[in-house]
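The first chain written gets the first letter, and so on, giving A, B and C; residue counts start at 1 in each chain.
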Amino acid sequence: MQWWLPVQASTFAPQIDGIFTAILIITGLAFVVVEGGLIWFIFKYRERPGRKAFYTHGNVKAEYIWTAVPAVVMVGLGLTSNHYWNEIKGRNSVPPNAYPIKVHAKQFEWLFTYPGPDRRLGTDDDITEVRNKLHVPVGQPVVLEEESEDVIHSVFVPAFRVKQDAVPGMQIRAWFIPTLIGEYDMGCAELCGMGHYKMHAKVTVQSQADFDAWLAKAAQGDIE
Amino acid sequence: MTTVAATHDVGHGEHAPSGFWRKYIFSTDHKTIGIQFLFLSLFFLLLGGILAMQMRWQLGFPGKPMPGGGILPESMAPGGVILPEYYIQLVTMHGTFMVFFAIMPLLVGVFANFLIPLKLGAHDMAFPRINMASFWFAFAAGMVMLASLFVPEGAARAGWTMYAPLSARPDLSGAELGQKLWSVSIVLLGLSSILGSLNYITTIINNRAPGMTWFRMPLSVWSLFITAILGLLALPVLSGAAIMLLFDQTIGTHFFDPPAGGQPLLWQHLFWFFGHPEVYILILPAMGMVSDIIANGSRKPIFGYHSMVFAIIAIAFLGWIVWGHHMFMSGMNPTLGSSFMISTMVIAVPSAIKTFNWMGTMWRGNLRFHVPMMHAVAFVAMFVIGGLSGIFMAATPVDMHIHDTYFIVAHLHYVLFGGSLFALFGAITYWYPKMFGRMMSERWGKIHFWLTFVFYNLVFFPMHNLGMAGHMRRIYDPTQYDFLKPLQPLNTFISVCAFLLFASQAIFALNFIISLFRGQKAPQNPWLDNGLEWTLPNPAPHGNWAQIPSVYRGPYEFSSPEVEEDYLPQTRKLPTDREPAVLSSGAPS
Amino acid sequence: MTHATASLMRPPFPAERGVDAHNLKLGMWVFLASEVMFFTALIGSYVILRFGAPGEWAKPGVVLNIPVTAFNTFLLICSSVSMVKAFAAISDGDQKMLKVWLLVTIIGGAMFVGIQAYEYTHLIHRGFLPSGVREGSELAELVANGTLPAATMGLYGSTFYAMTGFHGFHVTCGVVAMAYLYLFRVRRGKYSQQDYRGIEAVGLYWHFVDLVWIILFTIVYLI
């Protein structure tokens, strides 16, 4: 049974998991304080004969403290997150030498187009319309050039912690660096119709050599 | 002359309506209208639950014939096995009915209508006939939405969020009439909401009893006031969007049609510009009523009343500038992602203030755990979980992983069910005597509370884990994915607990219905509360007061040293109290 | 406005009053706030679609008839003036001039709607639809010869009809409301110097509808 975050198969994964864990610790503390406090109050201050409640309208100093502390924490969290956000999704975040793969989303499948040996999309040596199989070389940046034919879909690879909507009428880029050789799942993360649940692609991270070999065979039409 | 003014401007002076139709069906009495909303919304709450149970059947037991599924048409569930096209209708309509026809009308349609004039010391709303129209528009909207379930191709199926172009293109969604009816229903509902808000705002600003100053209003009324302003300004945007969608669906316009230059993201911006204030509409009244109930149950004034008011206003104000946090992955400019993240982080602060103030209210109180108090404390405990889980998704990098997964489903159900619905169970129990003159059963209320509390947490807490693992939303068959197969036992567990949760609601339903006829006759002020409504008989008569009372203090003077009893009604005059500046007869005092 | 002791138009009233306005006036202002949001959604969408459009927008005056609409705009503004005169009349207790000026306003409003409706039929006849340009129509030829940009005519039609259509609907509702007041209140002498709240409320609505039109005329017809 998987209770936690998935395997970390990209450089984003440890970063994102790190923020997740930091938030978990902060919210966990808040949880303990609030729930613990509630439970304690429920027992300690329950109604008993002869007791009267303490008549007060509040305490301004206490309120300053419990306003300031959350405010500082939240702003700090925001600034930290923003740093990684810019790195991952920022306008200029895509590494210049990233290996481009086109993702054409449609009801209800993913069609990938690989650049051929020239590592450029839109040229004659492209390997086009590979159905539901995303192969990527380990250890180097890959950029997905997403487009959609019909409705909004969303590329989601949990192991990479990567998600990006594919919107008809827009060309959207999403990049990552795979770090762990293996086979992972990709699903659609935006309701796209009755076949939304079966927009399933297999993501294979391979060594450069294996990737090149696969690509060469795919160019011949031999896609496994 | 000023008594003439009193009669004309406050909308009183009519005789009590006679005849079944004028009294119960086409009533302009705010209390009757509130109760009409109550019955309408409880019906849709039940319907929303039934739709959810079918979803949970498919998720827990994928591909298996559902017990009782034989009554569904072959095109939706042949042999009782739910089809994908039916599944996404269930998803869509569960969300639609719950948000628009259950929670929103329960909080606003019921309690704004019922409580505002009573708690302010008014005879009725400022515009009683517009109030009646508001209910009938909501009823019409509900009937249209209900009808959409039964049209041949079936109901809308693009999620309650109705993203275009899926929602605009029947060739891509598989539904035409169902989608159009959804749009029509939403436009009607928007009208209902706007007319209601208009009444609540005008009444609260201008129809308060002498001495009922702004800062003597109960937090329930403050929250309903701010909620009404949110609704007034947000629903028209949804109506506009729904109309544009309807035009795309019917007369060939291209608002959301990319080949002709339309923009799918435009729908999202419009929808969420409405949608985020909407979720504050769905929580603020609950928070307000919880404040009233916690003060009462603690026998103590609310801790930091003024901050509580400013926190409500801050939440509402900030709620207008966070909508993009629903769109971090949408393809919008990433810089917007940064700005929306900051505003979203900031909006956590006023909610934190409220949570600590509720705790402060309970601290050193003399806690009385009647059924409403149990629900109010559970609200605080559950809402906090929902609020804290929101922080994860506010952090944009983390949202990259958990957006559109069950982590979000967990969050929204913690705030809407653990939050709003628990508050509603408490509020309905609390004001039931005022509505119907009888008490609900305390014992069955407690049993219902515990069963609901336990099963509810067993259903929704594990969804955080599903989401962390990457389990997507709105997925008909998770077993398609290797990484989700190991999680399937958890899905089944959640489903079984969901069935038990749903079954437990029968206790509430029976308690509610049976108590109407056999409940203990309610004393005038069963909870020993300070609000103006408790100075009236149960149920309150048409026009509420013959003579508008004067108000001498705020609503939370519990355990005051000035009196022996541990409560001090707002309208009770002590020897040390002065009359308010303007008396209800209109003559300056 | 004259000082009124026995007037429902101004406080003091019983109870706590939040603002110095009778309920009908306050209610109308509140309602107009929601209308602002509604038109903001439509107009905002127009702005977003136009500035994000995949090509040039049609030049002003090619599809739409600016001179006729300019006259219509003038008519609507005049009807706002006549509305003010109606309001001033009853605030002085002049029932007769209230009737006259209100009737002038109603006629002005009705003419506006009539001229708009006529314009719509003319546009449709020429081939301008909410979905864009109809094939084989007069405007289709303009698209073919490049006078009108093919890529954005769909958006142009969608936004034009949505915005002006809903505005026209609101004007019509205003005309109906004023006609109702005229027939069943004004003619029966229900308004007086002491109480003309309904006239004030409908006047506010009418001015709002006029203001929206001025904005629409500028950004849809002229720019």
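Just so we're on the same page, a residue touches a chain if its C-beta (ideal position, glycine included) is under 8 Å from a C-beta of that chain, and two chains touch if they have at least 3 such contacts.
These numbers were taken from a predicted model, which means no experiment stands behind them.
Peer 1: Hop distance check: subunit A to subunit C, minimum number of steps through touching chains?
Peer 2: Contact-graph shortest path, subunit A to subunit C, evaluates to 2.
Peer 1: Find the chain most remote from subunit A, comparing centres computed as mean CA coordinates.
Peer 2: C
Peer 1: Between B-C and A-B, flag the pair that has more C-beta pairs in contact.
Peer 2: A-B
Peer 1: In whole angstrom, how far does the Cα centroid of subunit A sit from the Cα centroid of subunit C?
Peer 2: From the centre of subunit A to the centre of subunit C is 48 Å.
Peer 1: When the centre of a chain is set as the mean of its C-alpha atoms, what distance in Å lies between subunit B and subunit C?
Peer 2: The computed centroid separation for subunit B versus subunit C comes out at 34 Å.
Peer 1: Once you find the CA centre of subunit A and the CA centre of subunit B, what distance in Å lies between them?
Peer 2: Distance between chain centres: 31 Å.
Peer 1: For subunit B, what residues touch not just one other chain but two or more?
Peer 2: Residues 262-263 of subunit B each touch two or more of the other chains.
Peer 1: Using the touch rule from the top, collect the residues of subunit B that touch subunit C in their complex.
Peer 2: Going through subunit B, the ones touching subunit C are 1-2, 4-6, 8-11, 121-122, 126-127, 194, 197-199, 201-202, 204-214, 232-237, 239-241, 243-244, 247-248, 251-255, 257, 260-263, 266, 269-270, 548, 580, 582-586, 588.
Peer 1: Which of the residues in subunit A come into contact with subunit B in the complex?
Peer 2: Residues of subunit A touching subunit B: 1-6, 12, 15-16, 19-20, 23-24, 26-27, 30-31, 34-35, 37-38, 41-42, 45-48, 51-60, 62-63, 66-67, 70-71, 74-75, 77-78, 81-82, 84-86, 88-91, 107, 150-152, 154, 156, 158-159, 161-170, 172, 184-185, 187-198, 200.
Peer 1: Please name which positions on subunit C make contact with subunit B in the complex.
Peer 2: 5-6, 8, 12-19, 21-23, 26-27, 30-31, 33-35, 37-38, 40-42, 45, 48-49, 52-55, 129-132, 151-152, 154-155, 157-159, 161-162, 166, 195
Peer 1: Using the touch definition from the top, list the residues of subunit B that touch subunit A in their complex.
Peer 2: 83-85, 87-88, 91, 157-159, 163, 165-166, 169, 172-174, 258-259, 262-265, 298-305, 307, 329-331, 333-335, 337-338, 341-342, 345-346, 348-349, 352-353, 355-357, 359-360, 362-369, 377, 380-381, 384-385, 388-389, 391-392, 394-398, 400-401, 403-405, 465, 468-470, 472-478, 480-484, 486-487, 489-490, 558-561, 566
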